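In structure tokens below, several structures.
Each of the two complexes below includes chain A, the first together with chain B, the second together with chain C.
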Partner chain A sequence: MNVHITPTMLGQVVISGILSGALYAMVALGLALIFGVMRIINVAHGPLLMLGAYTTYFLYSALGINPYLTVPVSMLVLFVVGVLLERTLVFRVVDAPELSSLLLTFGISIALVNLAQLLFTSDLRAVEYLTGSWVVGPFALSKSRLVAFVFAGALTGLAFLFLGWTKLGKAIRATSQSREVAMVCGINVQRIHLITFGLAAALAAAGGALIAVIVAIQPEMGQIWTFKSFLVIVLGGAGNYPGALLGGVLLGLIEQVASLFLTTQLSEVVAYVLLVVILLVQPTGLLGGRQT
Partner chain B sequence: MTTPVLEIERLRKRFGGVIAVDDVSLRLEAGRIYGLIGPNGSGKTTLFNCITGVERRDGGRVRVSGERVDGLRPWEIAQKGVGRTFQVIRVFPELSALENLLVVTRGHLGGARTRALELLRFVKLEGLRDEYAGNLSYGQQKLLEFVRVLMRDPTLILLDEPAAGVNRTLLNDLLDAVRQLRDRGKTILLVEHDMKVVMGLCETVFVLDHGEKIAEGAPGIIQTDERVIEAYFGR
Partner chain C sequence: MTRRRAALAALAAVVAVLAAYPAFASGYGVRATLQVFMWIVLASSWNLISGLTGYVSFGHVAFFGAGAYAGAILVAKAGWPWLPAALAGGVAAVLLALVIGYPCLRLRGPYFAIAMLGLNEVLRALVSYFEGLTGGGNGLSLPTLDATIPIYYAMGASAAMVTLVTHAIITSRFGLRLMTIREDEVAAEAMGIDTGRHKLYAFLLSAAGPGIAGALTARDQGYIEPISVFPLATTITMIVMVLFGGKGTVWGPVLGAVVLFVAQEVVWTRYPYVHPLLFGAIIVAVVLLMPRGVLGILQIRYRLPRTI
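Here is the complex of A and B:
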């Protein structure tokens, strides 16, 4: 392949990478929270995102609500779904060996996808709301991606404010640093698990709602997001919440840069090759993982 | 007779074939300092774990201020007024010193802040309040863990080796603090290997050996008890 890369192309790639990176960071933060607090890798994270996307789709197509106004609604709905899943199923595997939680969340993932196929069919559905691009100088900024970036940035910021400044947020961080000590200090860790799972599902739902405006959705859209989120937290350091931000933006940039040089199919592979390399070379992630 | 702050009746805990705590009964009255001693592996920490609900007991009863707490979850027991420190210091390393205290409070953050700052001043850590707890020195972490217990104003305080790895000055401060708590009506049970500390501080000492309580009494009497000497030095 003989590609001539201009500075404009590079600039465009960096912009696109950062735009999608913020979305990756927000969705991955949910996965990182569950992993940090409960020591569970939630394979169903992507399918929860898919449910968020459908919630937005139906609110938009059936009720004609502005899809961006449905973001908080989708988040709330999926918060409840997350809480119910934790209360009925996931709490049983919190102290179990890793394989149990992997199998359980994998099962939940399959169940959710099949349920969605049954209820919503496998048809592609689109929220045609904000299409086209804004042209700024030599760069084209996709409107829906730019708005998604703003939402993702704001929601991620809110999530960090919540973790940093509220009592509940502090309790979530304390529990992720030492569950046993948190318990003995009077923190109801069962409640913390419930809220963390709900919150993570809500972050996934926000991602789904924003993605629904960008691309067409279908029941199997979620799984790739589980993998991407996993890649993001491995990049940033598992259990390291700010690391998810760095990991998200990095993944966005890597994908975009790769797309400059490689065909679309091949550029998708780059991220996974990178995952394997990082797991081999620097398994605690670029920022380092949790200390304990 | 007043209701004891802690009453343990025939508490039993086994790990597989090993009986870690064997029918131990204890009674702790309000406003006193108790010691729990015994050779390594005699079940002291396991007993703490059973009281705080971290380990499920296999038999027996635990009452705090007359109320059954065995079978409750650890946070419920903490909410009934039981606080503890750990043998190996366990602060929340990536929370600031101040946050370590705020996070365990019962009420809202606003009121808790005043109390947390007071406690940090009490152990002279107010200058380090925004420092990550994991960056504090060993002694500072020990003090932080100690005042974290006080944050909830517990009625019963369990201290697992408060003197371990602490220099003399710090130790004296800690022991003074423990006495002050006693004078304010708190009940303290401490596991300690430093016999000078135990003998100088505790009013009553319980001795465990192989999970069994083999002696109980004033420190002076315990020191001359034949079973105790045998447990420590062999026959």
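Here is the complex of A and C:
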């Protein structure tokens, strides 16, 4: 393919990449938190995002609520779902071999997706709220993507403030550094696990709610987000929370640049090849592992 | 050793009946048994990597699909007979496993599981993209050929082969090393086991069967398309079969494949939407309540040998 790339095109690509990168970073931060604190990769992370998207869709279509006002509602609902899942199922495999936690969350993910298919059908559903773009100079900024970027940036910032400055946030980071030492310091580790899982589900839900305004949603939308969130973590370094920010923006940029040269069909292939290459040359991620 | 003799005699009888079966069975019977053979190949192969080493493959259907496309392309475009094409399907799947397994299995942790989770989507996208070779979304038609009965024998031989290989591994030092990796990888390394290489060998072995089964299925059905050979549901089904039957055993996957296939045919086809939901619930329940599966429980209760 012979593409002539102008500076405008490149600028547009960088803007789009950063816009979607913030969303990747926020969703991946949830997965990174669970991995850091509980040493579990939650395969159901993407399906939780899907549930957040449907919460927003139904609040919008049935009650006519502004979809952006539903973001905190979706987050709250999924926080509760996350806490319930942790309390009933996931806590049983925290210390089990990796096989158990992967299979358990995989089973949960299949159950959630098929439950959604049963209840909501596989039809594509769209929240038609903020369509069109703002044109700034030579660049077109999709309205819904820009608002999603602002939301994702703000929520990720809040999450980092919470982790950095509140007592609970510090307890979460302490648990992720060393569970035994955290216990000795009087931290209730079971409670931290519960809150972390809820928080991660809420971050996924926020992502789902914002995505529902951008593209049409369906029950199987989630799985690719589990994969992409994991890729973001690997890019930034597993267990390294600020790394998730860098990883998210990088993934956004790489996908957009790839879309210049290849069809969008192949953008997932690009992301995949990226994962394999990084595991081959720099498996600790670009910022190195485990700094919290 | 009378118990062992009786078991071997029963096994020989089953093999004899299955070998004679196409001579007097209905078309449906042969087809259903062929499917059971296919599921035994898939489930036992998943067991080789995930049941023995504890490294979960969430995308094993990718090897089935890769084998199906490799075999179908050789038959349709290069005019190969179906039997060598099926073997080539197995080789293609092993090569794919090498490309994915080498970077991902050197590392401990969830990298391999997630890489396999994405592999399937990637292959589907690639197959749709290279339309000239694969027919893209329109699929690929093979020349008509009525070979159900020879394919029945080929698939049956594959199922027997995978089961035999599993038995040979579980009773060997190689198998013990794989299971050491599953129980404690750090300890395995400390004892001098080259864990990366052992995991990779197990993974390559586990890709061959699905590749051959994919190519045989493609030949039997005469038509393949991306959606029909890369369904996530197939991976889910093989995982459920192994977990239910008993992971890390020789006969657990076989038991799971037979029981769940029959259940699927008799009961669940009437409730097409509930059954995948049920599979998710079965996985959760087995992991939490009976992690050793049915055969594992029987092994403990009736003091059966570890190597069945």
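The criterion applied here is as follows: the second predicted complex is superposed on the first by the 290 of 292 C-alpha atoms of A that agree within 3 Å, B and C clash if a C-alpha of one lies under 4 Å from a C-alpha of the other, contacts with A are read in each partner's own complex, and residues count from 1 in each chain.
Going forward, a contact is a pair of C-beta atoms (placed from the backbone, for glycine too) under 8 Å apart; a residue touches a chain by one contact, two chains touch by 3 or more.
In this text the structure is predicted, and so the values were computed from the model without any measurement.
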| item | value |
| --- | --- |
| Touched partner set for A:188, first chain B, second chain C, both or neither | first |
| Which of chain B and chain C A:139 touches, first, second, both or neither | neither |
| Which superposed partner A:160 touches (first chain B, second chain C, both, neither) | neither |
| First, second, both or neither for A:129, with chain B first and chain C second | neither |
| Touching partner for A:58 - first (chain B), second (chain C), both, neither | neither |
| Superposition-derived comparison: chain B or chain C, residues of chain A touched | C |
| First (chain B), second (chain C), both or neither touched by A:180 | first |
| Which of chain B and chain C A:170 touches, first, second, both or neither | first |
| Chain C - residues contacting chain A, complex | 50, 54-56, 58, 99-100, 102-104, 106-107, 109-111, 113-115, 117-119, 121-122, 125-126, 128-129, 182, 232, 236, 239, 243, 273-274, 276-277, 279-284, 287-288, 291 |
| Residues on chain B engaged by chain A in the complex (per definition of touch) | 52-54, 73-75, 78-79, 83-84, 86, 90, 92-95, 99-100, 102-106, 108-109, 134, 148, 152 |
| Parts of chain A lying in touch with chain C, wherever the complex brings them together | 35, 41, 43, 89, 92-93, 97-100, 102-104, 106-115, 117-118, 223-224, 226-227, 230, 234, 238, 263, 265-266, 268-269, 271-272, 275-277, 279-280, 283 |
| List of chain A residues in touch with chain B within their complex | 166-167, 170-171, 173-174, 177-178, 180-190, 290-292 |
